[in-house]
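There are structures below to look over.
Below are two complexes that have chain A in common, paired first with chain B and then with chain C.
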Partner chain A sequence: MTKIADNVNPHVYEKGSERKTTSAELDEELTDEFDEREIFDLIRNINDPEHPLTLEELRVIEEKNIVVNNKENTVVVNFTPTIPHCSMATLIGLSIRVQLLRALPSRFKVTVVVSEGTHVSEHAVNKQLADKERVAAALENNNLVQIINQCVANV
Partner chain B sequence: MDSIWFKPELADEIIKSNDIFEETHSIVADMISGHIDITHLVENMAGVLTNIEAENREKGMRFFTKLLKELPMDYLSEAQIKFIAKFYTDRLKDNHRIIPSVLEGYLVIIEMKHYNMNNTGEFLTMLFREVPCQSQVRQDRFNIYLIIQKLMEKDLDYMKVLGPDFVYGIISAMDGERDPRNLMFLFTFLPYFLKHVPLGHLVEEMFDVISCYYPIDFYPSPDDPAAVTRQDLASALAPCLCAVPEFAEHCLILLVEKLDSSLRLAKIDSLKLLAESCKTFKAESYGPFLKTLWSSINREISHKTDDELKMAAHEALSALVANLATTTNTDQAFENFTKGILISMQTAVAEATTVAHFVQATKVLLTVANASKESCIIITKSMIPATVAYYGFKTSSKLQIASLDFLGDLYGLAKHWQILEELHIQISEIPQLCLTAVSQQSKDYQIAGFKNLIIVKNVLPSDLVLPFVEILIYNIQHSQDNDLLGVSVETIHAIARKYPELIMNIVVKGKCDLNNLTQDKTALQKRLNLLSNLASIDDFTKVIIEEMLKIINANDVEASKVVEALNECISNNSLYSDKKVNQIESDHGLVDSILVWILKEIEGPLESLIHGFTLISNTICSLPSEKQLIILTKHAPDIIERCKEREVYYLVLECLYTPINQDIYNSKFEDIIRLSLNLSLHSDNELVRTRSCVLIAHFLNKAEYGQKFELLYELLKSYLTTCSRDDMELCPRLIILYGWVTKSLIMRGSDLFLFWLQKIMVTMSSPVYCKESSKAIQLIMTDHTEYLNQKYHCRTSLLYKQRMFQSFSTLTEKLGTLNESTKEHYLLSWAYVLEKVPKSVLNNEATRIVPIVIDSLEYDNKDLLIVMIDVLCHIVLGKHYLVADSLQTILPRLVNLSKYVKSMDVRIKSLQCLYDIANSYRTMLLLPHKQDILLDLAPSLDDKKRLVRNMAVRARTRWFLIGAPGEMKED
Partner chain C sequence: MANLELLQTLHGHKGIVWNVAWHPLGTIFASCGEDKTIKLWSKEGQEWTIKTVLVDGHQRTIREVAWSPCGNFLASASFDATTAIWDKKSGQFECNATLEGHENEVKSVAWSPSGQLLATCGRDKSVWVWEVAGEDEYECESVLNAHNQDVKKVAWHPSLDILASASYDNTVKMYKEDPVDNDWTCIATLCSHESTVWSLAFDKTGERLVTCSDDRTVKIWKEYKPDNQEGVIITDKESVWKCVCTLSGYHTRCVYDVAWCHQTGLIATACGDDIIRIFKESEDSDPNAPTFELICTKLNSHSQDVNCVAWNPIGNQELLSSSDDGEIRIWKFSD
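After this line comes the complex of A and B, so read on.
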């Protein structure tokens, strides 16, 4: 089964630096709130299903496209497929969702959507990703889970 | 009665019973003592050796072989051996059952002293004709190979004469060998064979027989206790494939083909083979393949994730370039090849948008330049100007910094190949570029620029010194960043070595204004650091040290800062060698001045005094014994007197005596040790108590065995017997003193330490003193930077920590039952020992340690928990079975600790440990716990500390993968 990737030669971007540990983070007393960077760090190293590259290197995910609201307990992640007709968009979205599902406290309501105007079937993808039951059903498909697990294995 | 072997009945006996095989040594004894001759014996055996039944003949041969084995190697004469060898050769034609004994016997015959090589030809011809090697069992095949190897070792020239028939015999013997051990043997033997025996027309046949194994595809059976690994075979095979230049064409065709294989292992093996082949093949043989080789290598080098493959490709490229470079003057191929690489890499560099791409391309160039002088000239000549230009038109800061680093590397290679002369035009541009870089505000640019400048300091033109120094001095005075500060000082130091006068004028007398050093208070400390750093350069020493001492002698308000700066630099051994310190001391009397200053300032704040103490110690430890003695005799008596009045003078005394050499001993020592003992137990000042323990430990550690040591040791013991045990105040101090004594003794490798360690262990079960005893254990295991180290000439026996571990472990077994409060300290002592003992010891002692670790996880003691979880992680990574057996106990405790409120370190480490467990043990063991752990870890995802959350995420996502589809785990 050799399927040629949708985007054979994607543009690769520089990897950002690791988050530096601040003195506030080392202080036992202070509370660190969740911020955009933390969410970004949770998903930046997810592998692209097609290439041995991370979502960060492909700029599918950027820190500026993440919104966290600690008071209302919401997280919104916008992701940008590398090309507008990328057939992997749903899978990438699903991987992000699954990873956040596993890595965030349950108090957060997570929304994963395609950045506006970056994909031909944007609405369909968004609808699929927002549908809890379809996500749950997808996670019962062993083949799908296998691919997702491989994508998030190195996070 | 004569034994049976004196009679012809021997033959029947061999046929009938196996017991006779046990008698061979008696026969051999009889032969050696001359009671029976070998001819006689063989005659007696005639019946069995020529028996009609193959089974009996086999027995006879077996018996004969056994006899031969036991005979001394020089017993048989040449004629006898010739006869026996002939007989054995004839037997090769016999029934297949007999062959094993024949081979074994011949192996023994070869070893004999009087063996004549002329017997060999006939034997080998017969062997290759009559015995199909591959139809024998493993051991017999091995014997055949061994016979050939032994014969070659014995007389190589004779074997060469045997010619193509012999070669053909070997080819057909090993054709189709499958056993990994035999193959290992063959692969190690073949390169020797190939190098010495001309193959003639059989080159291709030989190569075919060897190359059919390439690339090795083999996995040892898991039950094999001493398995031959694939890697062993692969690395043994490579030298065979390229053993002789005649193989070149065949080998390269094979190699090129396998380089394009989709199998990763085939690629790695081929790259390794290519690197190996460059040792034997001539440069010309690569000619036709160069283009294909480069395109394959280039493809592997640009592989994104596989580092091993990349490394192999780099090594192959390096070997290839080095090999080709030998023909620079006769052949264009090398130049074309290198230029081809250069052009394709230049394109890659120009197109690079990320540092990763840039580094990948430049690494190839560096590999090529590193391989040979000729390639280095080609690469550096064109790449240095190109990179300088590149810096100009790329605007990304990361790429610019990377290009600076690349320039530094190129310069380094040019220096290594000593071609700087030829390149001086290109290289002269680098310093200017560095200046451009450091003129930027950004710290990253400056650090990269300065580091590069340090590398190229030899080509720095004098007119650029001033602008650099301007920036550097500004940095040193104003920068808050420690990295930048360090690099800046280092850069000035580097420039000062090249241009001492300039720096003297601009920096020492100009910017830092040595003569009015203390006028300008701002950033004084930083300037002082710079100056004391520069003082290590010979041209500056006199000026700077004199000025600094002037300040100290004048007892200026800033004197303590001067002392601090000087102390920091002198303790750095790479800056100030012992010789240098010695010279400073003789020229300027450093110790005297500092001592005078200390005595004047003795009432002042302790922190600045301590700098003075360490400065004195650091200076004295670099001096030769005579000078140390002079200083001691000059100052010690006076200070000892003062000590009697005020304790604080003891600190001065201590800093004079701790750093002395091992051979120094004078009559004062006894007084001092009495004084120290007294202070260590009765002083109210904790620092004084510690320091007096330190000095006692130093004395005990350094004193030579014999009279001197005995005397000190007796003093110590007799003093301690006078101490009253009932004094509640005294006991904790005593325990600490025991700790120091133990440490000093165990460090010098003396067995006496056990006595003191026992004393400490006794107190461990006492609820009142257990705390102190754990402290004492801690100080035994700790490495102190400021005392009991080699710098201060202390004896440090190797592995003393292991010894401590062993003794401690044995002594704890004798401890009685402990109650809750003492148990915590008992475990804490264990923690201190386990923390410092080398990790390799933990692996061997895991069975002893694991129960203690598991016990400790229940105690609410931060220090204890941190160490114990660390140890547990280590054992888990070693996949120890005991942990696997106790998962039911360990997992809930770790989960519990992941919510430990008092310390985030404990939380992080316990989560780390959970992660490691998920990674290390088999799915089967973990799966029952998976759901519980996932639920239990959920609260940690919302921990208030981010670092804890990060670890919790790692652990929890890893546990999600256990037993799930897509988990990558080999078990």
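After this line comes the complex of A and C, so read on.
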């Protein structure tokens, strides 16, 4: 039996334009730091677990909801489930966390949280996503890893 | 000035090193982690080196290791839902007993001071007490379902059969066996932390407890016995544990582990901000409202989260730490 999606008819938004590469970025002599747009680019094409759409197209992720601090080595991603009782919120958060875990240098402390007031179980989802022991255990679950890999396959 | 001097950085594990545990004699220690192996380290000249690698005991991450008080047995708790007991009766270390019963990840294991009891806990929200029933035989004596979320850590009182557990439900609970019906029951619930309690440790008397949490604080708790002089009201003839000190404003991320040295009284913490901190009780500290000073802050003690800290039990001020960065470090503290 196929499970019917929580939100059967989500609003689909247009994709943003591609990032323009500056001449400074092409200069190998210059160190450039991570910015919000770069983090956004790393996660914008993660697939929604329920729809053939990306997290950008569903506006689950927006550049303005990402905060990068290169000095403190922190990245905070706020994501917005399409509906407040989305049962996939933890899985989406986990996909974002896994993608950033794989893509960013290990010095970064990554925090992935539900945008304030956008989910009924906001606190519980955030607590679970912040618990690295639970995340580590989840990533040893082959079925779950397969699902996450499908979500992050096209990034 | 107080200082933590790095003696050696130890490589050997692949991936996260979750835990390190000193042998009671302080000349050997065990480590474990994501790579599903246990490594036993000892000193050769001035250098700590791997003496033995224990493999094939577990199918998934090994979360914690613990030596029995006699030093002859090593217990390992794994995400594969089992706890293995290793010994070297045959001449080399091998797994001679496996404790099964938890539904999923086992997160912590601890031997009682007599070595006759073991406690385990895990994601299934339960705490199990096991009795050493004979050679390589362990019997489940009790399953305690007092917490309503996963249980992160268990630790025994240093001299009595009193057990403490820390949980994702933000509380700490204590248990003991009722001598009338031999049933284990929860005798105290310690509420004050505002997020997951990751670890805890008793002081040498067992009358105080230190806990650390995702709420970025460390708390000191004091036992008030039924005959206490302070006038703390006791119900059910059981001691009451009160939070008498909160160390807040020091840690900037989750505090994963805390170790209270039974020789020096120093408290070390392992934090997600990559820092090891050492706290010392003030000379004029009031027992009912103690004060602890931060006397040492080791910035970038590891390049990622620090998961575990452990004082050498012989009291030589050696401290072990382990991290997500795959390394174990050994430090020497000096005043």
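Here, the second predicted complex is superposed on the first by the 155 of 155 C-alpha atoms of A that agree within 3 Å, B and C clash if a C-alpha of one lies under 4 Å from a C-alpha of the other, contacts with A are read in each partner's own complex, and residues count from 1 in each chain.
In this section, a residue touches a chain if its C-beta (ideal position, glycine included) is under 8 Å from a C-beta of that chain, and two chains touch if they have at least 3 such contacts.
All values derive from a computational prediction rather than experimental measurement.
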**OP:** Specify the outcome, clash or fit, for chain B and chain C once both structures are aligned onto chain A.
**Re:** fit
Original post:
Does the superposition put A:A136 against chain B (first), chain C (second), both, or neither?
Top reply: second
**OP:** Scan A:E25 for contacts with chain B and chain C and give back first, second, both or neither.
**Re:** first
Original post:
Between chain B (first) and chain C (second), which, if any, makes contact with A:N149: first, second, both or neither?
Top reply: first
Subject >> Superposition-derived comparison: chain B or chain C, residues of chain A touched >> reply: B
**OP:** Report for A:K127: first if it touches chain B alone, second if chain C alone, otherwise both or neither.
**Re:** second
**OP:** Could you look at A:H85 and tell me whether it touches chain B, chain C, both or neither (first, second, both, neither)?
**Re:** neither
**OP:** Check whether A:R107 is in contact with chain B, with chain C, with both or with neither, and answer first, second, both or neither.
**Re:** both
**OP:** Quote the smallest CA-to-CA distance from chain B to chain C in the superposed model, rounded to whole Å.
**Re:** 10
Subject >> Residues on chain A lying within both footprints (that of chain B and that of chain C) >> reply: 106-107
Original post:
Mind pulling up the chain B residues that touch chain A in the complex?
Top reply: 304-305, 353-357, 396, 398, 902-904, 938-939, 941-942, 944-947, 949-950, 953-954, 956-957, 960-961, 964-968
**OP:** Using the touch rule from the top, collect the residues of chain A that touch chain B in their complex.
**Re:** 11-15, 21, 25-26, 28, 31-32, 38, 41-42, 52-53, 99, 102-107, 142-143, 145-150, 152-153, 155
Subject >> chain C-facing residues of chain A, complex >> reply: 106-107, 109, 127, 130-134, 136-137, 140
Original post:
Which residues of chain C touch chain A in their complex?
Top reply: 16, 34, 60-61, 63, 79, 104-105, 107, 123, 150, 152, 168, 195-196, 214, 253-254, 272-273, 303-305, 324-325
